[in-house]
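Several structures are given next for inspection.
The same subunit A turns up in both complexes below, where it pairs with subunit B and then with subunit C.
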Partner chain A sequence: MRTPLIIAAVLVALAAVPPFLGLGLQNALVNVLIASLFALAFNLLIGQAGLLSFGHAAYFGVGAFATLHLMRIIEDGVIDFPTPLLPLAGAVAGLVVGAIAGFFATMRSGVYFALVTLAIAELFHALAPRWQGLFGGEAGLSSMRMPWGGITFGSTLQVYYLTLGWVAISIWVLWAYTRTPFGRLTLALRDNEQRVRFLGYNAHATKVIVFAVSAMFSGIAGALQATSNEVANYSLFSSHVSAQVVLYTFVGGSIVFFGPLLGAAIFTLFAYLISDLTRSWLLYQGLIFVLVMLYAPAGIGGIVQTHARHWQRLDWSRLAGPYALGGLGGGLVAAAVVFLTESLGVLFDEAYAVARRGAGGGYPPFEAFGIPWDPLSPVTWGVPLALFVVGLVLLLRARRAIAERWDAVRSAPAVPAAGPGPDARTASTQQIAG
Partner chain B sequence: MDASLPSLQFIDVTKSFGPVSVIRGVTLDVLPGERHAVIGPNGAGKSTLFNLVSGLFGLSTGDIRLKGRSIAGLPPHRINRSGLARSFQITNIFHRMSVFENVRIGVMARHGVRYGLFRPIAGKRRINDEAREILSLVRLDARADDMAGDLTYSEQRALEISMTLTTGADVILLDEPTAGMSRDETARTVELIRTVTTGKTLLLVEHDMSVVFSLCDRVSVLVYGQILATDTPARISANREVQEAYLGEEAAS
Partner chain C sequence: MRTLAAFALSTAAIAWATPTMAEPLRIGIIESLSGSQTSTGRLYAAAVQYGVDLINANGGFNGEPIEVIEYDNAGGSTGAADKFRQAVADGVHIVFQGASSAVAGQITEDVRRHNIRNPGSEVMFINVGAEAMSLTGEQCHFYHFRYATTAPMRVNALVNAMAAAGELGTRVFSINQNYSWGQDMQAAIEAAAAAGGYEVVEAVLHDVNTIQDFAPFVARINAADPDTVITGNWSNDLLLLMKAASEAGLDVRFGTTFLDQPGNIANAGDTALGHYLANNYVPAAGDPAFAEAYAAAVGHVPVFVEPPTIFAVGALGLALADVDFAGGEIDVTEIAKALEGVTYESPVGPISVRAEDHQTIRPVVVSRVARGTQYPVDDTDLGFEPVSVVAGPDAIYPVQASCEMERPD
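And then the complex of A and B:
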């Protein structure tokens, strides 16, 4: 099996590389880790139990606030508590609030379940700014990490390692969960809730437990963010946070265990790298989400898994060409879209209106990507449009070629003609969620 | 268990959906160890009767007793734990899980590991062994690792029956187990049912008369929500009233 090797390599890299990175990147990696754990905790519900929650910010936020309360008590010297164990507060709070909220939410399924979870998160979002004692009002709560056991927990790097430890252990526990009887029951629930009941299981109790476990790990993720940022306010409960984790999970691929982790890592790094460059980064993020849902509904993780499963049978000499063509086409289309978006962003900006007034109502050149462009020149719009069309044609051609070759791969007989035996077994171990 | 007590008792059971009365006073004893069929024309209420016993619907009036204890109004999982398991007319399996896991989920329930969160399932040898035994009983062992959704129709029906056995219930309800099967498949399934229900009480809904006659000790005829007659298969087929109400229809068609 290659999977343990890949996991080991990733862990070694995550442990060894950060000391050589700048502060900004270290901080971004902390966010990547937190988002990854949050997405995997969320995916326990949607990927494994088949329950789509639109309000997971509630449990993330509860974990963060609980941790800040604990930090403040420690700061005041009321109790002595080991700083590395701070996220336990988030775990307990997430578990308790998750069990209560889950009890009500899981009385219904499908759309109604999603709406109840949304309502619960909105309840927190509305309540928090008005509840001074518990959530610190609109300003929120802040505190300081205290040194413990000879470690100051002052530097970003120390916070990074603390986060890495918690995230690695939590992900391992979430993975081990899928191997337990209850983990298997969770999958059965997703497939056919009615049959679960007729086999003697209390489906509601089962769903409450799954929900509470998911909320507990979301609470740990929130706790790690609180530990890292040392502040929390009501915006943690906003629907943006709930939507973000849905995005991570589906772009990463909810049917593959590690899929959401990929989505979380990609989007968090994307936000870190791109949000300084352009104000349209949320638009790009949304575009990526829509495209993945339309053309690769299994997500990035699903694509990776498909390739891994058929690795032996892939003829790269025939696939590399179409893939490169697709990459080129995609790149051209992306470049054109980015140029048009950014240019329109500049043209519809207040600053350009001011410049127009300065130019007596005409259309002065605008600046995008450090180059001045004439808004009335056909070149300015014609070239990107041409790139878009050429890119699209290349993309469509590549898609057809790739589909043909994959059909050949899929329809080819199993390698050692041994039937479904070993092949099916590796498939079922790789695809934990199915 | 008191051997003289019926395994399953229907006492003046009625069920209405709004103004529509589907079960109109069914009283019936299913004796321990017998194989009992419920036959009747379409719409007679056979499936509704099953749904009432297994807890999918609540009854309107009357009582249903399992080994002397009332199970009326209990949720499905409690009824299952009291020792009654059912299969479904429309195959009701875990499509995206392996055949082996489909069976194992039920075996887990019997062993009471419902909320086992702290040990891997792979280490539970007795559960895994038992699941494998049940699979070989229904001759699905060769397909243990395949996705249940990829099985052929008759294999899915066999899996459906085997899942009904997994929880260790001694009262088994099978809802049209041979529906949609070829003659060969039906014969095999009848043999399978005979083997796996030995020593258990079986209540069966079936349209195929040859299945009923070869498998069952007693037959009840359900017409418009009421039991017309309960007797041995031979005497049922000789019963004039039944012929008119049900068998006659078939002979005429």
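And then the complex of A and C:
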């Protein structure tokens, strides 16, 4: 009841706001959309079917290369093909390659499945730079979006709307898929494959189909990236791409349908905003991942869902205090960690070594956050340390208070849930914020 | 009424502000500034900053200091595509990059497409280290300039200098990484055979930076009995190859192209003694004032990719001196045309742009690892001792037939 309204509001915002944004943000939003679709396609496997793939870069990359080939044919004038339908090439390629790879990968489950998918992605990664004709060597393939139907497809904004259309439709199809009987079968497969087999279903065939569908949507995501970048090269197959989508999905929360979307959006925007500010941004990204895995294993989506589910029974007058306290504590700890990381970064930089030489081997003040700091002063290190300790204490207290209040909420008699979706596993039993 | 007043006020403010605000020239560095290749990316960024500081100390350009903006491409071409668009959004006029041919391939295509779609607000790409032949071949275009050597330039210089020193011999073993750079190297080694008076006894291409043990390759080298091994390997592939060769007691000279990467000499130690290097510059060659000035500002003498980057920014500085936009809008096409005509005097010789493919005609320095040199590297007592400086016209190769450059009017 509320959900369709929220989705409609998000869609309207996504359609109406970008023309007023700068080029940089428009481009960042294109990346957010592509990453979201990729993460949701990936989550079809892990969240719905319980299959953890470590090689989804393969299908993302295959989709991108297929699209590039189509774009090159169009550019050469061999065929006339509508530019907005370019991602179809990625979908077909993803589906076909996914079906073949899935046939082998899904013969096993668990760790062995993950390893086979990893191996398949590595196969592409090793093959692509050598196969000059198909993958264009390590420089890759390059083309140009051709104008179609009076639209040039030259500006970032036009690419954005093309991406938005494809992503919105794809996500809707993915969601609708989870509501079909076959989608339910996928869920059953995750919970108990043995039972599915005894019920008379062909478990292997089912898994191959799920795998192929997931690969198809990954292919569309890759195709959208190829359409946007107009280049594809072998680095699309790297384990980094595969790892990134795992990161998105788990931080966002794989048990909630829209969770991976949250994770993808957060990390893509994080990279956009932070990567040019500090060289330690990958460290921060890793810290966020570790913290989410340790203290909110259901992911950010899980936290949101738990709150939504218990919304009517939440007494915010009692919860707001501990939440604010926790936010303050977290903020203090984060500030201390960022300060220490950035300061160490400056102190171990070669520029500081030059400054030291200039100061006759002493320790001249260093600059961080636009303020000079004395590296030998107890204030420089004492204050962040104190902030860290105070923040930690606040966090622990807030955590206890929050846990108490949530226990009260959970032990209250259950209100009938508002329509159990396919994602209605056991989010409420997963701990939130500790 | 109030909105009208505010509007009038803001219009007045803009009118008042505009004449004093000249457009600053913006340079974007799109390099790998996080992850495993950070150390090289940092060198490029530091060198560009140093070169720009020199120009800014002389009054900058267009009445404003030149701005340098760093973009982290996260090591890949996808990140680079992303950051290129960000750079365009930030109003960057000139992009510098060098660490990877794959990334350069992405950027040069991005620049080409951007310039087709946005006539009048072109962007220019100064490539300071990506050596793939295709960048000045089928991918060449007017707004790409390569201020770096390529495989044939390095190999020709290396072969000539080693032959002149009587250390080349007649049997050469070629071992390279199996991607465009290694393939370019192998082709160059085979092409130089007749002129260098040697025979390529065997040519091997191997995986890039994944091999942990080069003993099997060393056994093949041993069996082929060469006098010299020429390799374009870099990073671990060079280090491990040389170590394996020394452990097997192989008595051959190595002719290399990236032995000056920081850390290589420290890792290789005495194994590296007597091996050859062909690159853009070593501090002991030419006028030492350049190296000393850099050391005073940055803390070390220029190494590895820094010298060619500084030369490129220096050349750009000369080009900027030839154009004048009188504080108005910057026309990158004019800068590119000026850069074509510039000859930059580097400490080892003049560097100029070949108009047909925008490859620079530049000297190549061949040096040998020796003990007790003037500029020891990596805190060891080893350093690069110049053997010969091959002048630009002698090192250059013909324009590739695949380059069809369209010039702006």
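Assorted remarks:
Here is the rule we use: the second predicted complex is superposed on the first by the 413 of 434 C-alpha atoms of A that agree within 3 Å, B and C clash if a C-alpha of one lies under 4 Å from a C-alpha of the other, contacts with A are read in each partner's own complex, and residues count from 1 in each chain.
The rule is short, and it goes like this: contacts are C-beta pairs under 8 Å (C-beta built on N, C-alpha and C of every residue); 3 or more make two chains touch, one makes a residue touch a chain.
As the structure is a prediction and not an experimental result, all values here were calculated from the model.
Superposition of the two complexes onto subunit A shows subunit B and subunit C fitting side by side, with no clash. Once the two complexes are laid over each other on the shared chain, residue contacts for A:Thr341 go to neither subunit B nor subunit C. When the two structures are aligned on the shared chain, A:Thr306 is found in touch with neither subunit B nor subunit C.
By the touch criterion defined above, A:Asp191 lies against subunit B but remains apart from subunit C after alignment on the C-alpha atoms of chain A. In the superposition on chain A, contact of A:Glu230 is made with subunit C only, not with subunit B. Contacts of A:Gln158 after superposition on the shared chain: neither subunit B nor subunit C is touched. Once the two complexes are laid over each other on the shared chain, residue contacts for A:Thr380 go to neither subunit B nor subunit C. With both structures placed on the common chain, the touch criterion links A:Ser239 to neither subunit B nor subunit C.
Within the superposed three-chain model, A:Leu282 lies in touch with subunit C and out of touch with subunit B [touch as defined at top]. Within the superposed three-chain model, A:Ser109 lies out of touch with both subunit B and subunit C [touch as defined at top]. In this overlay, which is a superposition and not a single complex, subunit B and subunit C have their closest Cα atoms 34 Å apart.
Per the touch definition, subunit A reaches subunit B in the complex via residues 176-177, 179-185, 187-188, 190-192, 194-203, 205-206, 209, 213, 420-421, 424-425, 428, 434. Considering their complex, residues 54, 75-77, 80-81, 85-86, 88, 92-98, 101, 104-106, 108-110, 113-122, 124, 127, 145-147, 163, 166-167 of subunit B touch subunit A.
Considering their complex, residues 33-35, 38, 46, 69-72, 74-78, 81-82, 85-86, 88-90, 101-102, 105-106, 109-110, 113, 116-117, 132, 134, 139, 178-180, 207-208, 297-300 of subunit C touch subunit A. Taken together, the subunit A residues at the contact with subunit C in this complex read 22-24, 27, 31, 126, 129-130, 137-140, 142, 144, 152, 154-156, 225, 228-231, 233-236, 238, 240, 271-272, 275-276, 279-282, 350-351, 353-354, 357.
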